[in-house]
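Next up, some structures in structure tokens.
Note that chain A is present in both complexes that follow, paired respectively with chain B and with chain C.
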Partner chain A sequence: MDNLDFSVVWKFRDALAWGLMMSLLLSGICSLAGTVLGFFIALCQQSRFRAVRWAAALYVEVLRGAPTLITLFWVFFCLPIILGVEINAFWSSIIALTLYMGAITSESFRSSLKSIGQDQYDACNALGLAPATRTFYVIAPQALIRAIPNILSNVISLFKESTLVSAVGMVELMYTAQSISNITARPIEILTAVALIYFVIGYGFSWVVSSVELRIRARVQS
Partner chain B sequence: MTVLQPFVWGRSMADHFLKIRGLEKSYAMGVIKVLNGLDLTMTSKDRLVVIGPSGGGKSTLLRCIMGLENIAAGAIDINGEPYIGADNGATRIDRRIQKQIGMVFQSYTLFPHLNVLKNLTLAPVRSRGVPRSVAEDRAREIMRRFGLDQKLTAYPSELSGGQKQRVAIARALMLDPKLMLFDEVTSALDPELVSEVIAMIIELADGGMPMMIVTHDMWFARRIATRVVFCAGGTIAEDAPPEEFFARPTSQRARDFINNVLHANAEPA
Partner chain C sequence: MQNLDYFFIIQAWPLFLKGLWVTLYLTFWANVAGLIGGALLALCTTGPYRLLSAPAKLYIEFFRCTPALVQIVWFFFCVPILFDVFWSPIFMGVVILGMNLSAFNAEAFRAAIQTIPRAHVDAAVALGLTPFERTAYVIMPQALRYAIPVLITNGIGLFQQTSLVALVGVDELMYNGRLISTSTYRPIETYTFLVLFYLAVSIPIGRLAAFIEARSDRALKA
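After this line comes the complex of A and B, so read on.
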């Protein structure tokens, strides 16, 4: 314990930077794709057709209920067998994290849709807006704005969950850190440094979230 | 129901401008009856103020006239044409007529994500097919007329309550309504902001706009009404010109109500 040497972190800075970039890329792609998916699922949950509503609800409950690691393993090991196509670590990670992000984000959209008061609907109806116009120009934009802080928090969760993909051999920050600590036999320095990186990015991002939230609050009060 | 022929509001049949017969409305599967066979007629010269106790059906009456509620029974005619009717549990609404009625609510109900100009032009552009430039010119004109032209690019959150409510009235006026419904539009306002909203409504009234107003403000009621109707228990309990109504209410319920309100105003608790 008395010979901690953090210079090892600096020595492997290029590998760590590459890993971090992959983690950010993965989180970024899956955040965008998952948000689009989540919006679509939230709309499905409002569908006139019971089968569509049930399918969407089933998807959300399963993906939110199951550990993300199981989803990842299922996509990596089972899906190729079922579909008969090779799915590498990168695409398995993308698919699993997008499915996870879609599930939690659909809930954010659903609650923001629900939070829009009856008086907005009354106003639209009194102005003679058709239902599609009402949804497209009045209700959905407000729901999107209201969902932004929640979606940004989901991005932080996703960023942290993305460490799991190291388990299928996806080379990102966590995988890189494990490899380096194995080679150098200095897990304390490396893993502490990596924890700090995750913390700084997550914390910084949540600071951004709360300032965005303050600005948005003004835009959603009639 | 045809949409080809625009509905024309004739002033010649003034006596039948608005005719409500046997209007019934209930909530909770018919358990709570809010309107109980309400009858009411209004001429195009009328500015009708509806007062009465909470839960008496005033707001529900306005919401029914606006076509926001399903009704259980009864009918509303406008200019002798059927506008709203009950058909075996379903509510028929003539949308042509509905589009010529404007309503302003207690809670402003501006669209918070749109600025004032967009709030005003959304319905004309997206629902009436008015070209954007025409709608924007009209919005500017209306806002100038009511002294709000500095606020065109402001968002609702940047306005005072009184300004919000005046923008809400302007938004309804954009659609050139032939009848305006005001549902407790000053109730949510701070006392010092009430007068600017009332002034705007009085200006509209002086311009000859037929209107129906639900309010708890007895001074406002007296000032603007050509007729005061007292709505209690889901029916119209009394219907009289304001000077007569406030001086000599005939029903006991109206007498009690006025005494309570005037008493409350004189000696705030």
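After this line comes the complex of A and C, so read on.
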């Protein structure tokens, strides 16, 4: 084992910071877009029309049953051919991660929608609310608040899955780390530093999630 | 859009099957390692010895809060240098995937152990069982039953994560799929088939997990 030299990490701090920023940006955009998508998928799963329900269920099964890496490759290699447009690594990453986030988040919404009692629906019907009013003013706000802890932990999963996009050449933290370790031939220092960066962010965020969860649970029960 | 041609899949069949075999091999042995490792880690964290529980907790947090890809890349690049060992890629894959799964299974076991009422432990003490007997005959059999649905879900998750080791050159399903797609210039057909391969394994096992969970819920309520 040769002697370790961690100064190489400091030398490449700008590149690593840029990579980290791209990772966070990707996770941020896809979390927001995926949450909206997941909410609509969850609504579709409760639809009156069987075709809509089945389509939504199929979407969730496929996206959750197949590895995210394949979704990513499918979007990167196949979607441009099918649509006949060029999709670069950035947009492929955004699309694939949003689809993934949508699938796992729809499950969170589905369980939170299920936790809302039938009496709420009955009360809406008794008040003569239109189905859209019922969904958006009565059911959705309650479902949203109950789903928040789950969605936040999905965001952590998404942040971890975002390392995959380095496989299609999207420049984020993992890609930057691998390039630097190839150039400098110092994989141990760089990869350890990057693992620690991921750990600090992932651990910090999961700490935030558990404290938010406690507060929401206290509020929902009262 | 070009014409689709699924005929070449027949020629590529042996390569697909070989990849599937390696994927299942990785999944099986990593699950074996993950179950044993997870149970041991859970016992360490719930046990009275701080010297065991602190490192076990750190291990679990570290593996849960960093992306699997980072762990895999770190392991494949750094372990041979640090420890001067050269194992076969498949064995390396089993080890790192098993280490990753251990952390998640440990959480499942810990949650299950904590649902067991304190009275059982007290009763075992009153009966004069040794700590080993208490753990092996009273606590773990009950905990295992609570933990099984989560353990199966983690196992399926691991099955999907095996696709990540393709990125460090282990020739499993994903790797062979990429090989076929680049050598035949037919990404759509290949990746669609790959998705089907993964779904064919993960959906039935997921159904099995749901079935077992429903059954054990009923049994525990009764």
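One rule holds for everything that comes next: the second predicted complex is superposed on the first by the 199 of 222 C-alpha atoms of A that agree within 3 Å, B and C clash if a C-alpha of one lies under 4 Å from a C-alpha of the other, contacts with A are read in each partner's own complex, and residues count from 1 in each chain.
Definition applied: a contact is a pair of C-beta atoms (placed from the backbone, for glycine too) under 8 Å apart; a residue touches a chain by one contact, two chains touch by 3 or more.
Since the model is a prediction, treat every value here as computed from it, not as a measurement.
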| item | value |
| --- | --- |
| Partner chain in contact with A:V138 - chain B first, chain C second, else both or neither | first |
| Partner chain(s) touched by A:G128 [first = chain B, second = chain C, both, neither] | first |
| First (chain B), second (chain C), both or neither touched by A:L191 | second |
| First, second, both or neither for A:F40, with chain B first and chain C second | neither |
| Chain B versus chain C as contact partner of A:Q178, first or second or both or neither | second |
| Chain B or chain C, by number of chain A residues touched | C |
| Partner chain in contact with A:S206 - chain B first, chain C second, else both or neither | second |
| Which superposed partner A:W18 touches (first chain B, second chain C, both, neither) | neither |
| Which of chain B and chain C A:W91 touches, first, second, both or neither | neither |
| Set of chain A residues, in rising order, touched by both chain B and chain C | none |
| Interfacial residue positions of chain B with respect to chain A in the complex | 63, 66-68, 95, 98-99, 101-103, 105, 107-113, 122-123, 126-128, 155-157, 164, 171-172, 175 |
| Of chain A, residues touching chain C in the complex | 1-2, 61-62, 65-70, 73-74, 77-78, 81-82, 84, 156, 159-164, 166-167, 174, 178, 181, 187-188, 191-192, 194-195, 198-199, 202-203, 206 |
| Parts of chain A lying in touch with chain B, wherever the complex brings them together | 119-120, 122-123, 125-130, 133, 137-138, 141-142, 145, 218-222 |
| Residue ranges of chain C touching chain A (in the complex, touch as defined) | 1-2, 61-62, 64-71, 73-74, 77-78, 81-84, 160-161, 163-164, 166-167, 174, 178, 181, 187-188, 191-192, 194-195, 198-199, 202-203, 206 |
